[in-house]
Every structure is written in C-alpha cells, then in structure tokens.
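Each of the next two complexes has subunit A plus one other chain: subunit B in the first, subunit C in the second.
The block that comes next holds the complex of A and B.
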C-alpha cells in the first residue's frame, strides 16, 4: 500500500492554551507543490512545526510517508528537508563545507561530485562553492539549502516563507528550482505570504484561517493557472 | 565515531574555540611546569639540607663532650617530601615549611617560628593545575557551551538542525562530548606528561585525572542546564559568569570566613612567643620547682636529677621541656582548631562541589592542611624521641661523645620518630 507523502486529518495543535491549528486537513502526493497561505498567526508555521515534531498535536492524525511523528520522529524527519524563513549557514564555513557538514549530521554523506552537481542544478555559481557563507546573499543561502535538500533526496520539502526578502528575479529562480524538485517527485509544502509567487508555482493553494484550511484552489491547465481575483479576495477575507 | 569526528572538524574550524582551548592548554602546561619546578625546588632544599647535615655532624663531633652540648648544638633535619602528585596541587606547600631543623630544646617555638616565614608567597596565590582545573577550565567550558542551543537559535540554524533525524544524539550529544573532551585533553595531556616526569603511581594519577574530569563534568552539567533554560546567549553567558563567580569565589570565601569566625584558633606566632617567654623565664624560676615539675613527667629520672648550684644541662633542658608543657593545651587547641576548620571545609565541599573537588585534589596530593598537620605531628613524634634520647644520657650521666652522637635518632619522613 502506498501512502501519501503527507497526510493530515483534523489536526489540532495548541500553544499556551490556545488552539492555533484547529481541524486542519491536508494530503500531499509525490511531485505536488502545495502553498499554504494565511495571515500572521493563522497557524502556518505551527503546522510545519507539528509535521517536524517540534510541537505535539492534541488532536487529529498526521503521517509522513505513513509514519507518525508522535511515535517515529526520527523516521519522519529522515523524510523531510526543512528550509526556515531565513536560511542560516555556518558563516565561517564555505558552501561546500556547510553542505558536507550538514549531510554528515543527517547521516547521508555525498561525494564531492554529487555536491558540485547539486550546486550546479540549483544555479549556485561555481566561484561561490568555496566561498565562506558569511558573504552569501539570501538567495545564495536558499540555493545552498535547496542543494542540501536535493542531496538528502527526501520525499518531502517544507518551506517557511521561502521568498521573503528575495528580489523578484531571485524569487523567480527559486520557484523554478521548486518545479525542478517537484519534477523529481519531491512533494513541496510551503507556507507563504507571497500570493503571486504561490500562484506561479503551486499545484494547489490552501488559505488557512482559524487554524484550518478555509478554502482551496487547484491549478488549471494553461495561463493563468489560478484565478488571481478569487485568490486575492479569498486572501483579503482571511487576513 | 563519525559524529564525533565531524564535530571535531567543526570545532577545529572555529577560531575562537581553538584559541580558548589553546589558552587553557597553555595555562595547564604552565601550571604543571611551575608545579614540577616547585617540587624540584623542595627536593633540592631537602637534599641540600641532608647533604649539609653530614658536614655539620662531623663538625659537632669535634667539640661535643657531653650529652647537653650534643642536644643543644645538634640540629636534626626533618622534612616533608613532596608527594608524586604535589606538582599538580601545591596546596599549602608554598607557604608551609617543607623542612625544619629541630633541636632537643622546646619544640613549639621551633615549629611555629616557621609558620609565617614567607607570607608574601600567599599574596598572589598558587598557580597549579588544581587552580587551572577549578577556576580556569569552567570559564572555557562556559565559553564553549553557553550558546550550544541559543547560538544556533540566534544564528537561525536551530530548527533546521533540530529537524534533522536523530539530531539529539548525532548533533548535540556529539557536540557537547567533543567540546568537553577538548577541555579534558587541554588539562589532562599536560598533567599526564607531568605525572610521567614526576613518576606518579599510575593509580594515583588516574585518581587525580578522575577528579579533574569530575570538575569538568560538573561544570558541563551546570552550563548545559543554564544553556537549556536560557533563551539568549548573552543572558546565558552572564548567568553562568555569575554562577562561576558565586561558586568558585564568593561562596567559598564566605564559607571560609564563617568557618574562621565559628572556629577560633589560637595564633601560632603568639603560641611561639608564649613558649619562648616561658622558657626564658625559666632562668629566673626557682630551680627546685623546675626540677620537681619536670620529674612529675619523667619520674624515671628522679635518681639522677640532682643538680649543682651552677648551670647544668639537666636543669636547662627541664625548663625547656616545661616551656612546651606550658603551651601544650594552646598547641593542642591550635591543632584541633585547624583540623576542625579543615573538617568543616570538607563538609562545605559537599555543598560547594567546586571547592570540595579542589580540596580533594590537595588531599590526594598530600598538600592540604591535614597533610601539614600530619607533618607537624611527625616532627613532634620525632622530637619526643630525640629529647628522650638525650634525657637518658643527661640524667644517667653516661658519657657522650662522637660514637653516641652517631646513634642520635634519625627522622623518618614516613613515620616521624
């Protein structure tokens, strides 16, 4: 039996006695890009933290590849690559050293050639590979982190506000990278405020309000993929 | 092992961490070198004293005609050889005498006249490995571990790292282990070399290394608790600096003050003065009273106790002896007080583990106050034998010459008498 990459049903997460996520349901299949949109405090990041096992759920079910973080946390985390809003690397290490180190922490060392191939795939300029990460722009950090995710070869990629602070060209590059990953079968769940970016990349967009998905849109073939007016008005309602 | 190697590599790339560890290693190496030099100095003093004794006894043999002059002029060496661990924990060896030449005269003044011979040495304090382990190493551990989690959080890496599978074991445990190991290597490597050079018994060296390890483990635990509870690195560092200041400086000093106030001890110098004054007053005290009081202690010498109206060594040594008896209670109170203070210090060590471990190091190295008192007791036991050897000749009026001089009891540093 094949499990969806991510399956969430009626998830409830409380923080400080308050229900932040309240009955959220979501299923994500391999190769799918899902954008979770919502205002501040809507429960987007809390949902990611529940998937990663940083927060315990107080209700509902949640599995990653059929495994529950409540009981199989390490097995679940082994299937997830996570990029926080601000990707931070070890500034005193080079991009290559950062990736080597973090791959070893994740217990999946890769060859030098693999690392260089991943850097090439994400568009990190060759002269940056052995440059200290302290000199990197946010876009370069994102690319390094995506290269790391590619090298870890996880089925699920979680992104927290990935394009905030990126200039439009860098954001467009980033979305292309996500499409590349999705084409390789990686399921991507990103939480974002960037409605236009989500509309460019996502296969599905969910609007989260009151701790649950209030409305959901599916990408249509052709252009535009989403009804931007409907998205805008939906987003305006929940913000 | 892979995780340990990986964290070693990361630590090696952190310039500040490497500097901190190098500084600790330099401090530890310097303390061991200074400790070895101090011990070598003590041994040289002992050797010089013992070598000089041969010539002195030869000179003495040339003019000694009776037991009285032999007892009066004959200095006998006593010494407290440094243990094989003294180099690592000098304790009170830098201010307490390691050698003392005694005569069969009143003893108390001889013992305590050395007590404050070199007080200026006490001013800068000792710089030995125990000091480095108890005072400096915790600061390095604080520097290396205070931001274990908060540093990653502040850099924005925490969640990305924690999201990695088995991060707790692979990452944090290995990271703590490597940093702790770095500190231990910086301390134990110089210690190991010092122990080899000093010829320390392997089990004792292991025991001392165990104490150093305990100090580091204790501080690692303290730092990790604060680092876990704290949110910001600066707050953690400030809190830990306060804990270090309280545990290693303020609380031990406060406890010391309280113990000193709670357990009054007679002044050693005053004791020596009282002893001397009583002995000097012996010249003017009625001679029959002096002899009567002496014979109460040594009734076996009654038969030979008659003295002429002029000076006689029997009378002279009798009032010397009475000088010691006069301050015996004060002397006992002094020793009891010092021992009681040491005992209370040991009890306080259970509440203040850093101070307790420092005391344990000095105790293991045989350089603490108890060891100092033990040496005094060995001197007393030897002195008792020495003076009774001479009393035997004096009161039986047996002839005494170079041959008898060669039979004078010798000090055995292990047992005293």
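The block that comes next holds the complex of A and C.
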C-alpha cells in the first residue's frame, strides 16, 4: 500500500494555551505543489512546524510517507527538506561547505560533482560556489538551499515564505525551480503571502482561516490556471 | 555519533575562521606556555637554591670550630622547605607561608622568605603558573569561545535547519561541547606538557601527574558542559554571555575569596602578635631557669640533688647547667608545640571548611586537588614546620646533653671570669658533625593520591550536575523545536 507523501487529518496544534491550528486537513501527493495562503498568525508556519515535529500536536493525525513525527521523528525528518523564510546558511562557510555540512548532518553525503551539478541546475553562479555565504544575497541563499534540498532528494519540500524579499525576476526563477523539483516527483508545500506567485506555480491553493483550510482552489488546464478574482476575494475575506 | 563529530567539526571550523577565537586561544596558549616555562624555571631555581642553601647551612654548622655547646645552641641552623615534586605546576601556598625556618635554642621561629612577602603586591593577585592559568583564565576563555555556540544558531535560525536535517538536540549540544573540549585541550596543552615533563623527570610522580591532569580535565569539562547548556537555555547570546561571566565571577573569584574569609571567621586564628604575647606570658609562668629563686627550677634542682644524694650542684656527676638547659628547653618546646598544634588545628579546620565549600565551587575542589598533588598544600607546609621543630628540639637537646656531659660544671661556672676555664669549656668540633642534617620528605605519592580523592569526588559530582544541566537544555531544545 502506498501512502500519500503528506497526510493531515483534523490537525490541532496549541501554543501558549491557544489553538493555532484547529482541525486542518490536507493530503499531498508526489509531484504536487500546494500553496497555503493565509493572514499573519493564521497557523501556516505552525502547520509546517507540526509536520517537522518542532511542535507537538494535540489532536488529529499527521503522517509523512505513512510515518508519524510523534513516534518516528528521525524517519519523518529524513523525508523532508525545509526552507525557512530566512534561509539559515552558515556565513563563515562557503556554499559548498554549507551544503556538505548539512548533507553530512542528514547522513546523505554527496560527491563534489553531484553538488556542482545541483548548484548548476539551480542557477547558482560558479564563482559563488566557493564564496562564503556571509556575502550572499537572499536569492543566492535560496538557490543554495534549493540545491541542498535537491541533493537530499527528499519526497517532501516545505517552504516558508520562500519569495519574500526576492525581486520579481528572482521569484520567477525560484518558481521555475519548484516546477523542476515537482517534475521529479517532489511534493511541495509552500506557505506564502504571494498570491500571484502561488497562482503561477501551485497545483492547489488552500486558504487557511481559523486554523483550518477555509477554501481550496485547484489549478485548471490552460491560462489563467486559477480564477484570480476568486482568490483575491477569498484572501480579502480572511485577512 | 557521526552527527556529533560533524557538528563539532563545523564548530571548530567556525573558531578557526573567527579572528576573535584565534586571538583568544593563541593568547591563552601563550600565557599557558609562558606560565609553564617561567614557573618551571623559577621553581627549578628555587629547588636548586634551597637544596644548596640547606647543604651550605648544614656545612656551616658542622664546620664551626671548638666551642661551648650552648654557643652552638644559639648559633643555630636553618631548615629550608624543599620544593614540592610538582611545585612548578602549582606552587600552592609556597608564596605565602614562607620557606625558611631559623632553628635555635629557646625559640620557635616562624617561617620566612615567602614570595608574597618579599615581592610586589602582584604576587598576591596570583602568580602566573600553569595552575592559575587553568583554574582562572582557561574557564574565561571557554566562556568567550562557547557562550554563543547554541544561542547564535537559535538567533540565526540555523538550529531549526540542523534539526530539520535530522540532528537531535543532544547531538547538537554534544557536538558543540566536543568542539569546546578540543579548544580547551589545545589551551591546556602547554600546562599538561609541563606536567608530563615533571613526570618524566621524576617517574615516581607519573601517577600524581596523571591524577592532576585528570582533575583539571574534569574541571574544564564542567565548564564546557555548563557553557554549552547555558548557551542553549539562554534567550539570547548576549544573555548567555552575561550569565556565564556572572557564574565565572562567582565560582572562580568570589566564592574562593568569600570562602577563605568565612573560614577565617568561623575558625579564627589568633594574630602572630597575640600568639607571641601569649607565649611570652606562658614562658613567664613556667619560670626562669636562670633565676635561682624560681619555684619550678628550685624544685627541679632539689629533686635532682635528692636523687643523686648530694647537697649541692657542684657535686652532681654531670654539669648541672646542661641538665638545667635541657629541662628549660623541654618545657618551652612543649609550650611551642602546644601553640603550634593549636594554630595548625585551626588552619586545618579552615582548610577543611574550604574543602567542604568545594561542593559549591569546583574551583575550590580543583585547587585543593592540585595543591595536594603538588605537595604545596597547607598540610604539607604544617608537616614541614613540625619536622623542623622536631629537628630543632633534638639538635638543641643534643647540644644541651653535650654541655651536661662534656663540659665540667666547675669550668662552666668560672668561664666568664677565667679565660683558661673558658677555653676548657670549648668542646671538639667533631661533636657538631654528629648532628644529623635536616631532611624533610614530602608526603609519598600514594598518600597524596589518597588526599586528592575527596576533591576528585567533588569534581565528579559537578560533572554529573553539569551533565544533568545539559540534559535539561537538550530536552528544552527538543521541546521547543530546537
């Protein structure tokens, strides 16, 4: 029996005695890009933290590849690549050293050629490979982190506000990278405020309100993929 | 386990690429090396000087010409405390207690020539010895190197990235602690090299050198664990730094000094002036052997005359003055011994209180272990004073006995008026050669090792507590999503 990459049912997460996520349900299959939209404090990042096992849930079920972070945290984390809003690279290490280090921590070392191929495929300029990350722009950091995610070859990629602070061209490049990953079968769950970016890239868009998915839209064949008016009004309602 | 080494490697790489860390480690390395070399040079010079001075003073005593034995009692000699086997590593109380005692009749002199009394006030602040570097400066360097090790990662968000890559909180903390241990080991290297050198020079000391190294390793391990745990528990790197500096100030600076002051108040030691006044008063009470009307000595004389069945001292089969000197010395020495025993007991009680306080400051525990191992602790100094006093008493009584047996009473009575009688009271210089040389043996290695055990136990307890703190920090990190 094959499991969905991510399966969430009636998830409840509390922080400081407050229910932040309250009955959220979501299933994600391989190669699917899901954009989770919502206002500040709606529970988007909290949902990601619950998936990663950073926060304990107080209700519902949650599995990644059929495994529950509550009991199989290491196995769950081994299936996830996570990009926080501010990609946390080590400034004293070069892009190559950052990637090598985190791959070693994750116990999946890769050859030098593999790393360079990943850098090449995310469009990180060759002169940046051995440059210390302290000198990187946000876009370069994102690219390094995506290269790392590709090298880890995990079935699930979690992104927290990945395009905030990126210029439009860099954001467009980033969305192309996501499509490349999805084409390889990686399931992507992206938390974002960027409605237009989500509409460009996602297969599904969920609007989170009151700690649960209040509305959901599916991409349609052809252009535009989503009814932007419906998205705008839905988003405006919950903000 | 490989995660721990990977994280430790990254942390070490950060230190290697941080100018501040390199300057800090290099400075401590330099200080440690300078301390090891200067302390070894100074103590080697002191050992040589004291050994040569002891030989010279013994020779001077033995090379005195024919003399009246009582003049030799006043000529006296010196006892020099030999340098402890590992004193170059930790001179301990050496600088403060004095190292030379003048041994003469009728008096028990204090030890003199302590470096703190002879040198500038800087000595009182703390000599630059390997022990001082490890006890005081190394923890401070570790604080500066490690305060941000975990807090920095949390502030930058990389702690979550590490956790998301499968690193457990315990692996993260252990890796950080391991890297700090490596920095500590590097900083300790010159001091440990000094210990190793001492062990090579004196193979009998190898075990003690190893125990000393173990004590300091344990002490710095406590610091490494506490620094890592505080860095993980603090809300920010700045908060961790402030907390750790406060802990350092309390544990290394405040508690040892406050403990010494508290021990002094709890076990008050009379001042030297008070003691000397008290001894003088007691001496007056005992009596004056030169006063024919003194009740004690009049009774002593009467008993002696009765015992030998004679009517006057001139008819005794020995020189009464010599026997009288022996009795006087016996009484005063007993008095000195009593006072010294009382003062020693108070000092040891103070020292024991400090040992007990090792429970609240590992700095006190490691200091004690270090001094006991190096035979530079208070107990060894008191044993030296006791040996010197026993030597003085035996030497003086031997000379008094010579006065009683080798000098005629008639000549002794007439010597101040009759130069010929005076010449006859001078006995052969060969007698001085019979007086044995002064010798003090530091406690054996096994005895010192046994003396180190309580402090090692305290350090082991602290390691357990620091590990518990690491576990609490790890759990909190795990619970808060790293």
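FYI, the second predicted complex is superposed on the first by the 239 of 239 C-alpha atoms of A that agree within 3 Å, B and C clash if a C-alpha of one lies under 4 Å from a C-alpha of the other, contacts with A are read in each partner's own complex, and residues count from 1 in each chain.
Rule of thumb we're sticking to: contacts are C-beta pairs under 8 Å (C-beta built on N, C-alpha and C of every residue); 3 or more make two chains touch, one makes a residue touch a chain.
If you're wondering where the values come from, they're calculated on a predicted model, not measured in any experiment.
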Exercise for the section: Report clash or fit for the pair subunit B and subunit C bound to subunit A in the combined superposed model. Expected result: clash
Practice task
Could you say whether A:172 touches subunit B, subunit C, both of them, or neither, answering first, second, both or neither?
Solution key: neither
Practice task
Answer with first, second, both or neither: which of subunit B and subunit C does A:117 touch in the superposed model?
Solution key: neither
Problem - Partner chain in contact with A:12 - subunit B first, subunit C second, else both or neither - result: neither
Problem - Touched partner set for A:90, first subunit B, second subunit C, both or neither - result: both
Practice task
Considering only the touch criterion stated at the top, classify A:55 as touching first (subunit B), second (subunit C), both, or neither.
Solution key: second
Exercise for the section: Figure out whether A:30 sits in contact with subunit B (first) or subunit C (second), or with both, or with neither. Expected result: neither
Practice task
For subunit A, give the residues common to its interface with subunit B and its interface with subunit C.
Solution key: 49, 52, 54, 74, 77-78, 80, 82, 84, 86, 88-90, 92-93, 97, 101-102, 104-107
Problem - subunit B - residues contacting subunit A, complex - result: 2-3, 6, 9-10, 13-15, 155-157, 159-167, 170-171
Exercise for the section: Would you pull the subunit C residues touching subunit A in the complex into a rising list? Expected result: 2-3, 6-7, 10, 13-14, 17-18, 156-158, 160-168, 480-482
Completion exercise
Touching subunit C in the complex, subunit A uses residues 49, 52-55, 74, 77-78, 80-82, 84, 86, 88-90, 92-93, 97, 101-102, 104-107, 152
Exercise for the section: Please give the residue numbers of subunit A that touch subunit B in the complex, ascending. Expected result: 49, 52, 54, 74-75, 77-78, 80, 82-84, 86-93, 97, 101-102, 104-107, 145
